[in-house]
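Below you'll find the structure I mean.
Letters A, B, C and D mark the chains in the order given here, with residues in each chain numbered from 1 onward.
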Amino acid sequence: MFVRVQKEDFSLKLVEERFSEYTKLQGAKIGAIVTFTGLVREFQHTSEDQEEVQALILEHYPGMTESVLEQIAQTAIKKWQLNDMLIIHRVGTLFPTDNIVLVAAASAHRQDAFDACQYAMDILKTSAPFWKKEQTNKGERWVDAKSSDYNAAGQWITQDLQEN
Amino acid sequence: MITVLFFAKYRELLGTEQLQLEAESFSSVRDIAQHLSQQGSEWHSIFEQANTMVAVNQKMAKLDSPIQDGDELAFFPPVTGG
Amino acid sequence: MFVRVQKEDFSLKLVEERFSEYTKLQGAKIGAIVTFTGLVREFQHTSEDQEEVQALILEHYPGMTESVLEQIAQTAIKKWQLNDMLIIHRVGTLFPTDNIVLVAAASAHRQDAFDACQYAMDILKTSAPFWKKEQTNKGERWVDAKSSDYNAAGQWITQDLQEN
Amino acid sequence: MITVLFFAKYRELLGTEQLQLEAESFSSVRDIAQHLSQQGSEWHSIFEQANTMVAVNQKMAKLDSPIQDGDELAFFPPVTGG
């Protein structure tokens, strides 16, 4: 498990390095790697009067963010018997095309890695204490939470309840 | 002492990042919220919102969650990372 | 759209290069990138008498493989309004820990990229003319198609029928 | 002429990668399959299998698919890439 909150950029190379390290220790057990990268778009909104994003300021709750991300990774590793999981989230000032978040899961079979990555993103979006403030051509504003994100996260909870 | 933190929109609205409260008068998150909501209209508006989130010692909590001396509370709006 | 069948290895760097090329031409429209990498495992089977895989020989139908992969990418790009999609599949002799296949999708929102990658893998597994032969400690054998792969691919067809 | 290709397990089983047939006698994939299945027990076994796949000019086809002079047919077992 590898979890980090950082100002610095990251690259997918980290995923290859991290999981090939796993393979050196554990043997060729990884059959599937799924990665998710979230990036800053110029236009975050789909409404008619689109505001062009000039920068995104990412604030977080130091200490709590790391422990929530670790909790997410631990839960995912157990739930899908992953080989390994990696989560990196950036904070500070970001610009369009910049990376924001990286989630990667390694498993024997592909469905587990896909599900684990989606789970991690859905839970991260609604539970990890990060907040985005947009600087647009019309001023600054805090990004509102999306109900679609809460619906996505809620599905996993509903699923867990049905399984128990 | 109890430390109370505010993040993001709330931090800006209140002009307050952190404050300290004497522990004696409070036994739950609700007690703190009620106390703070009397500090002015901005304070009131935050604790009136149904979606205000609270953490106790960096773990998600509820209004009913107990608190004690030395705890760190944080109030913040719904998270928007990722 | 980028589709290639090759003997050479690939790295995730290619995904970053390809999609940043897209961004240079089209602006910061990509909000989500999902990648899937399939790798050779030591033990492909979960049965009790596990055969250790020493090598995997990947045969294909030159010409048809490329056109099937292009068809998959084109369909995915339309179905989920992707920014771009990339598919690379290796052929020849591969060894445990080697990469086999890479699928990457770029979209504005994360669910589209996740769905498109899963779709591409599910259809590739059942429609693209590749065949695996395993060399194990007990001899050689052609890998049997898995019914779970056909069920996964069938879901998309069922979904399409319901939507129409 | 019609070109017929075999891949993977079928190629090995038949010891045949490719063969040519005169186009005149065949109007559908089924005609070719019936002709070839009479060439010996290995040939018969392949065309007896319900999951044998066929492509005409590098597109997935069916037993009923029409064929004509110049076409490229390919018979192969279920694919196992990815």
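We take it that contacts are C-beta pairs under 8 Å (C-beta built on N, C-alpha and C of every residue); 3 or more make two chains touch, one makes a residue touch a chain.
Since this is a predicted model, take the numbers as computed values, not measurements.
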Inter-centroid spacing, chain D versus chain B (mean Cα positions, whole Å): 72
Whole-Å separation of chain centres (CA-atom averages), chain C against chain D: 26
Chain A and chain C: spacing of chain centres that average the CA atoms, whole Å: 22
Residue numbers of chain D (touch at least two other chains): none
For chain C, residues contacting two or more additional chains: 38, 121
Topology of the chain contact graph, where touching chains are joined (line, ring, star, complete, other): line
Chain pairs in mutual contact under the definition given at the outset: A-B, A-C, C-D
Contact set on chain D toward chain C in their complex: 5, 7-9, 51, 55, 58-60, 74, 76-82
Interface residues, chain A side, partner chain C - complex: 11-13, 15-16, 20, 23, 27-44, 96-97, 108, 110-111, 113-114, 117-118, 121, 152
Residues of chain A touching chain B in the complex: 38, 58-61, 63-65, 67, 89, 100-101, 121, 124-133, 142-145, 149
